[in-house]
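Presented below are the structures under discussion, each in the form of structure tokens.
What follows is chain A paired twice: with chain B in the first complex and chain C in the second.
Then we have the complex of A and B:
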């Protein structure tokens, strides 16, 4: 898996990324998609203390919250990058929410969804060099500080 | 247009958007339209009692006298500058209420803050940013600070005992005599009836509209929690 580093932030080049909402999508072979938050998102939030996902079976339109994340001094939604139904949630996050910080693209995935408008939704996301450039622009425009990584962050390979 | 009275606000950098004079005037008119306004602003003869008694003036680049003067002189530009900046340095202790003329810069600031929030000013968003989690907690659960918010890594300034308590939080809570305090996710047990009533109050009084203007993400997750619970209780209410 390839990745680029922008301002100390890891941007994978093999995932579909919603740069605006700081989320990512991985298309799985069984037709589901895995959704999570990006390195930029975890860094902005700081060490996460609570992560509560919507239950499996919940239908979500793109842009609606699929989880609520709380850090020491911030709370906000993870907005769904695709429309569809939540089929599985990452149970480990309830007990160990800091997986979102230490492994945002792997162990810290948030939900799996059965998308119902995938092609159109993916067309609005960015991938590869396009996503990296979009992030570079966003980081510069919004003055986002360099990504910080808490102890235990895994190497992204 | 009234002149800036020389307070070094210009040096504080314009980290907020400048808006048209008409817009500043509109905001000022909204401040003046508040029914409390004329009860807390008279004239200022610059005695400085308010500044001398103000704890914020001692520690920040803040001056309650400027508030009273800018408003009394109807300095529309400066009033806007204050609303985007200084008014958030006030600790709302109302020590300045000892003004011999009956001015209350603190209460004037209360009104200005309310107008700033209602209009979604950048300064209001920034000032309230750090309170998002508390607003979420109180509006979604009905209790403000919950024991499990006392995470050692979030509050290192609270000392080492936070570590000990966080480790066995549930046990500590169970040691408290009232059963309603055997909670960790909320400050106490909140009954369904109470929470539904609270949600209805937030809905009917326009609080949710205020939140939407200030923090869209916070609004989104609150709506999510509230609509679901209200639906379970038999209310067909949407906030969007």
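Then we have the complex of A and C:
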């Protein structure tokens, strides 16, 4: 799994990324997609105290919340980067929401979805060098501070 | 339960004289907005004085954090929470519309009654 580092933020080059909403999509072999939030999102939020996902079976249009997350200083939605139905939620986040901080691209995945407009949705996301450059621009323009990582953060390798 | 589109009205009557009572109502408003509800925070009585330009920046519950009440108010506006202030309460603090931070709507007393009647739930602080 490749990645780049921008301002101490890990940007994977093998995931589809919604830079605007700080989310990512991994396309699975069984036709589902796994969705999560990026390193930039976890760093901006700070240590997450609660995460609550929508239930399996919930239909979501792109841009609608699939989960809400709370830290000491922020509470907000994780916006779905694709349209489809939630088929599985990461149950571990309820007991250990800081997986979102320590492993945003692996153990801290949020939901799995059965997409219904994937080709068009993926065309609006960015991947590889394009995603890295888009994040570099966003970080500069929005003056986003260098990503911070709490104790226990795992390497993205 | 489908919460989308439900309306929540948060009434904030506490201001800069009681900083520990300022954060939570805004935080709850942001939480409701994240849950896809339509949220209005109505500032009146002492609550009005936190909306004066330059004031909310000074209120930090955790001095080691870079998050101030101003940060919270800005995040609420970013979450599409509507912030309203009682016209009459501006006079109480010798404030004019120009004194208010950006993004706050000035409303009259009849508006708050309408908002209360239209809301699915009112939270009063």
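Rule of thumb we're sticking to: the second predicted complex is superposed on the first by the 157 of 157 C-alpha atoms of A that agree within 3 Å, B and C clash if a C-alpha of one lies under 4 Å from a C-alpha of the other, contacts with A are read in each partner's own complex, and residues count from 1 in each chain.
By our rule, contacts are C-beta pairs under 8 Å (C-beta built on N, C-alpha and C of every residue); 3 or more make two chains touch, one makes a residue touch a chain.
The model shown is predicted, which means the values in this text are computed figures rather than measured ones.
Novice: Report clash or fit for the pair chain B and chain C bound to chain A in the combined superposed model.
Specialist: clash
Novice: On the A-aligned overlay, A:103 touches which partner chain: chain B = first, chain C = second, or both, or neither?
Specialist: neither
Novice: Taking the superposition on A as described, I'd like to know which of chain B and chain C A:77 touches: first, second, both or neither.
Specialist: It touches chain B and chain C both.
Novice: Please work out whether A:153 is in contact with chain B alone, chain C alone, both, or neither, and reply first, second, both or neither.
Specialist: Neither partner.
Novice: Contact-wise, after the overlay, does A:7 reach chain B, chain C, both or neither (first, second, both, neither)?
Specialist: A:7: touches no partner chain.
Novice: See if chain A has more residues touched by chain B or by chain C, and give me that chain.
Specialist: B
Novice: Between chain B (first) and chain C (second), which, if any, makes contact with A:65: first, second, both or neither?
Specialist: A:65 sits against chain B and chain C alike.
Novice: Does the superposition put A:47 against chain B (first), chain C (second), both, or neither?
Specialist: first
Novice: After the overlay on chain A, which stretch of chain B ends up in the same space as chain C: 8-16, 44-52, 170-178 or 206-214?
Specialist: Of the candidate stretches of chain B, chain C runs into 206-214.
Novice: After overlaying the two complexes on chain A, where does the chain B footprint on chain A coincide with the chain C footprint?
Specialist: 64-65, 68, 70, 72-77
Novice: Can you list the chain A residues touching chain B in their complex?
Specialist: Residue positions touching the partner: 47, 49-50, 54, 64-65, 68, 70-77, 79.
Novice: Enumerate the contact residues on chain B facing chain A in the complex.
Specialist: Its residues touching chain A are 129-130, 132-133, 136, 148-149, 151, 153-155, 217-218, 220-221, 224-225.
Novice: For a test of understanding, state which residues of chain C touch chain A in their complex under the given definition.
Specialist: Residues 27, 30-31, 34-36, 62, 65, 67, 71-72, 75, 79.
Novice: Considering the complex alone, what residue numbers of chain A touch chain C?
Specialist: 64-65, 68, 70, 72-77
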